[in-house]
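As structure tokens, the structure follows; a few thoughts come after it.
Going in written order, the chains are labelled A, B, C, D and E, and every chain counts its residues from 1.
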Amino acid sequence: QAQQPIKIGFISTMSGPEGVLGRDLSDGFKLALKHANNTFGGRPVQVVYGDDQVKPDVGRQVVDKMLESDKVQIVTGINFSNVLLAVLKPVLDAGAFYISTNAGPSIVAGRQCHPRFFAAAFQNDQNYEGMGQYLREKGYKKIYLMAPNYPAGKDMLTGVKRYYKGDVAGEVYTTMGQLDYSAEIAQIRAAKPDAVLVFYPGGMGINFVKQYAQAGLKDQIPLYAGAAVVDQTILPALGDAALGMYTGALWSEYLDNAANKRFAADFEKEYNRIPSPYAALAYDTGRMMQAAIDSIGGKIEDKVAFQKAMENVKFESVRGNFKFNTNHFPIQDYYLTKIEKDEKGRLVAKLQQKIMSDLTDAYSGDCKMAAQ
Amino acid sequence: MTPILSVNNLYKRFSGLVATNDLSLNVMPGETHALIGPNGAGKTTLIAQLQGELAPDSGTISFKGRDITQEPPHRRSQLGMARSFQITSIFPQFTALANVSLAVQAQQGHGFKFWRDAWRDPALNGPAMEALATIGLDHRAQIVAEDLSHGERRQLELAMALAMKPSLLLLDEPMAGMGRQDGQRMTRILSGLKKDYAILIVEHDMDAVFALADRVSVLVAGSMIATGEPQSIRTDAAVKAAYLGHRS
Amino acid sequence: MTLSLFIEQSLNGVQLGVQLFLMSAGLTLVFGIMNLINLAHGSLYMAGAFFAAMFIKITGNFLLAIALAIPCTAIMGILMELIVLRRFYARGHLDQVLVTFGLILIFNDLVRMVWGVVPVPMPVPALLSGSVEIMDGVLYPAFRLAILSVGLVVALGLYVVVVHTRTGMWIRAGASNRPMASALGVDVQLVFALVFAAGAALAGLAGMMAGPITAVQVGMGEPILILALVVTVIGGIGSIRGAFIAALMIGIVDTFGRVLLPHALGSMVIFMLMALILAWRPKGLFPVHG
Amino acid sequence: MADQSNPSFSLSAWLRGNWPILLVLAALALVPTFAAATDNPFLIRLFTRAVIFSIVAVALNFVLGYGGLVSLMHSGLFGVGAYTVAILAFHDYEATKFLGLFAGTDNLAISMPLAFLCAMGVAALTGIISLRTSGTYFIMITLAFNQMLYYFFVALQQYGGEDGLQVLANLHFADFNITKRTTFYYVAVGVLTATIFVFARLVQSRFGIILRATSQNERRVVALGIPPLRYKLMAFAISGAVTGLAGALWASGQAFVSPSDLSWVRAGDYVVMAVLGGMGRVWGPVLGAILFVLLEAYLPSWTQFWQLPFGIVVVLIVVYLRGGLVDVLGLTRSKSASNTEGGHA
Amino acid sequence: MLLDMRNIEAGYGHARVLFGLSLTIGEGEVVTLIGRNGMGKTTTVRTIMGMVRAERGEIHLAGERIEKLPSHSIARLGLGLVPEGRQIFPNLSVRENLLMAGIDRSWGAERWTFDRVIDFFPRLGERMSNSGTQLSGGEQQMLAIGRALMTNPRLLILDEATEGLAPVIREEIWARLKALKGSGLSILVIDKELEALCELADRHYVVEKGEIAWAGTTAELMANPAIHETYLGV
């Protein structure tokens, strides 16, 4: 008898300037499905895709449709925290699972943690905590921090400051989507910090890094970024302006493990480009779901069983070392990469060193996971 | 008798040009006062200052014994001053009737009625139809104003001013654009109104001016050069040279 | 703030202002003077940047790429005018807003289909990649100086053409009373099509000049469009001089607002400036009579 | 519902020229039944969104289509209403005091009227400044105010800043639980119906006629002895208040508000809905809002490049239907009946 | 024949205004259109200029069919219009209003140039840099006439061109028109000053409800007081 398919709703930003994130997330996830022959636990997988347009209310509506018209059992894919926060309640209230490929806001890691919520990618602060550690080890006395003015930006810089203990010469928040940074760059020059660390995802990253290099500062004051900033979603556009920059990473295509090698090679073959961390973590999410569902023989309708299976999931992560903390957020390693050219002359983030092992997030203590 | 309108030592300059130059003028109740003068003499500018659209640089305007120099235009209209525009100014998307109804409404002064259907309000449409009939435009009452011909719009302009039941009518070239027949009828209508209204009329149609006016003032380059009975103005040599020409 | 920092920030402000003017120039022409609200102006800006990036990739030469990309955007503008917008001169502003809103959606998806969602590279030309030492210890990116000079040239050119040539008079006459201008022998349709093409070319040029310092990506035109509208309105719709002064003003106020004010105010400063100016002068700084 | 004391507004006469709105409202009323029959409860959510946007579009059209005032701050006013409800609910849930002054509430019978008044206040205050301008200047100054409101709510870190604010309290209206999906939907449809009726009467009242006259020729209105500013201000405040009420509904229905509800793009969407639907009728914008919401919801599931067909639909409608969607029904105000709203000709 | 209109039907949208109207203007001739308000005089002029499309009928200008041409081509063929209601470009200065219309050509008579127009209306010279809206009504009218002259037309069309002008100026304009006629210019004029028209014009058409109700020479018009009463209401 034909098995009922497992239904997954995959929602992320597909249109507009941020559409590149949704594309990489969904491409990574699709590759995981391909590797799983589109079956989890012996049941076919049916994925419904949706576009949130970076608008929380649109995301909310797409999710409602997925839950109520398409009757999905798992929702995943969202890249922006504000969209995630808008859809989380309806997803969980409907009894579905949310497994995050990307966003991991602190509130869900702490006070509002939930049995059916899993962050497969990271807690937002994690992207920057390792960088704070590194800058401290490097012996910088005075650093300069910049991020766009929104909660994820603040989370990131909080992450840095949790591990970096020296002076902060400036902590500057700029408007979302800002185009011109010449004024801020002039301030940096005047402040003469030892290093600059920025969190500018997407187009803002391109603007800032280009302008920083053009101002001639790149060679005077080293520029750092945490994970999820200077990666394959913007490197091709950045060009040489990014050369030599150091960035943090939770994953790199140069990580030496079998799962990662297979992923990086197959991704390039399939899509004809180097995978970004977005793609990698979405791939990992898919693989993780597969492992958990396989382990319960496809009986995802048994929610408690599926939750347990996720909590104890065993799979070969492209990140190498991975396990869930009690708050359903990852415990993972943090690396340093450097932007260089590969043998084909493309800009890549070459793996330099591991900065931290078994990095946990700071909020798990606040989480009182209710029984289901 | 005290004048209904009195203007004292009014000045108005536009950069480099004195449009109103130490001008004083009285209009008596029930009087039809014509204001003539060459193009660009400052007639429309004066009307605009009387109505309040332009502020004078100095001088005073009093209306019904009260200094209104600083009053905003709508206050002056509420006090009983109505203006017709030299360049037609109507509500193009309303019917002729609705245009006039609005003037009636303004005169009744109950704008903040939110509930009653104003289009069917006999208290508005009745007087409006009357005003249209006075002007002879009642047969076009249901035509949208932008579809009226030029001359008809001029008539509508006047009907709106009349519907406000003002005590002083400021008419800026009411005959302009009206056909001969209509112009003559307008002259008759205005002379019929004479008893009830004080009228200050600017007009280049000398037939109308001399048929209507009790007094005529002549404005040249912002200054009043003569005021008097129509007959004495008609024969004034200076006025002839500056304005009337030889034919009239 | 030290003196040299002050000078550097002032220069940043002026440069930003001139860049804003460059972005607004085409809009001033089409919206300010021809009285057509074209929201898809931002799309032409985007198209200019994408065309230039493409030609740079093919030819490897920045100047050549720009020389090729400008006519491409102009042609795109002409097609847009010919196929859709021509019918909208006589319609109300709202219809224009609606139709060009539709065009934005269309163009964004077309660009996404052709170039994909990843931002495309657009390097600074080698010649202008360095910095110039404008005073002791103050380096200024050469490319920004280039933007500054292009913007000034465009401002001057536009002023001369619109204010001092017969074509300029025809544009303004046609915009305020099209049937009458035609009845005096002006081929308004042709003049408008050409002006529209010029506006498109200017939008494209602005996009090309912005490409090397910002991200060349889908949707890059919309934030610019808002700024350009702000500039046009503050200056007084239809006034080139006004647009130029407003652009400089915004550039300087924004630059200093960002570094001196608390962030919550800094992000609003442009809009507060606009509200203040319009509250004070409801028709902008240099109202055009009409 | 017709006011008996005043026979001169005839509902039946009005409906003779505006009958399609009855069909539209009837169709809206049947949505839950249809959703139940097809086992697709999502339809109710989708149409709740359409109905709330319709309320905004109708309110916007009052100043836009009749007053000639293109406002780009209606999303801001909407947000003021939405945040009023959400912030009061937040303080109720957290058992804290707003500004340390007064407690929050989860009772919509209190917070909804407050939302209405707050939006009205904001509209009135900004209106005093913005209504001195006109045309495109008005569009831009309202955009400026909208951005200020937007950044104001972004700056409120306590209420989630850019991430928005969840409504965790259980909202209720006095003793009624109206947040159940179907109940809430009918409440929204009820508010929409009332909104349409009220505005239909407003535009034909003396007040409404002055507003319409002002949009055609303000100078003449002044010369007639009517000070236009206070009429425009009143209209703007009424429109803003109803928009704030829609925002309050939104916050209760979604249980979530965020600054993106206040973005200028959304304000532009409202204008698009109004124009798309047809500004010549009080209810025309309802059609625009429904079409907009349906396209936005279903096109993306057909193609990843959904903005392309969306854009094409918009362009075709503007090019070929000059009076918006009501034009399909042949109901654009004919010239000679243009000031009658189709009631009588 | 310079202009020949045959059986023209035209109107606005669905509202028909002209019902088979025909008229001719000879080379060097001055012809008037007279009739009451709203009878279709202006519509006739607009149809000639291509601003209102003729739905039926033909218009010939010096032998060429023009009823399908766009306005600007018709104007370029030598028609100069002083429109009803002045229609000055408000966003152009006085100087620009004149310069934008200038067409450098001549049909035998002396050419109109910017300087000549200013000589003709010295008042305009004094207000040179004022914008269109900053003129008095009469000044605007002078500008409208000057602007039409700047196109150096072979047929000048004046639609209520003396509206709002002071009597002296009107007198002067009639005199100038007479001189222009002498130089060979053809003129189509609509005005209410019947006496002046009779002095100037060769022939007259009375327009009534979109048709020509009467046509004849000045002498015939003078001799026929019934016309005045029936159509003009004098």
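We adopt the following convention: contacts are C-beta pairs under 8 Å (C-beta built on N, C-alpha and C of every residue); 3 or more make two chains touch, one makes a residue touch a chain.
Remember, predicted model here, so these are calculated numbers, not experimental data.
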item	value
Contact distance in steps, from subunit C to subunit D	1
Furthest chain, CA centroid comparison against subunit B	A
From subunit E, the most remote chain by mean C-alpha position	A
Rounded Å distance, subunit A centre to subunit B centre (Cα mean)	74
Inter-centroid spacing, subunit E versus subunit B (mean Cα positions, whole Å)	29
Mean-CA-position distance for subunit D and subunit B (Å)	43
Distance from the mean Cα position of subunit C to that of subunit A, given in whole angstrom	36
Residues of subunit A engaged with two or more neighbouring chains	15, 149
Shared interface positions of subunit E, touching two or more other chains	134
Junction residues of subunit C - those touching two or more other chains	108-109, 112, 267
Pairwise chain contacts under the document criterion	A-C, A-D, B-D, B-E, C-D, C-E
Of subunit D, residues touching subunit A in the complex	40-42, 45-46, 49, 154, 160-164, 166, 254-256, 258, 260-261, 263, 296-297, 300-301, 304, 306-307
Interface residues, subunit E side, partner subunit C - complex	49-51, 70-76, 80-81, 83, 87, 89-92, 96-97, 99-103, 131-134, 147-148, 151
Touch list for subunit A against partner subunit D, complex	14-15, 48-51, 54-58, 60-62, 64-65, 67-69, 81-82, 85-86, 89, 105, 149-151, 176
For the subunit B and subunit D complex, residues of the former touching the latter	51, 53, 72-78, 82-83, 85, 89-95, 98, 101-103, 105-107, 109-121, 124, 142-144, 147, 160, 164
Touch list for subunit C against partner subunit A, complex	2, 5, 8-9, 12-13, 15-16, 19, 108-109, 112, 117-124, 129-131, 139, 141, 143-144, 210, 212-220, 223-224, 254-256, 258-259, 263, 266-267
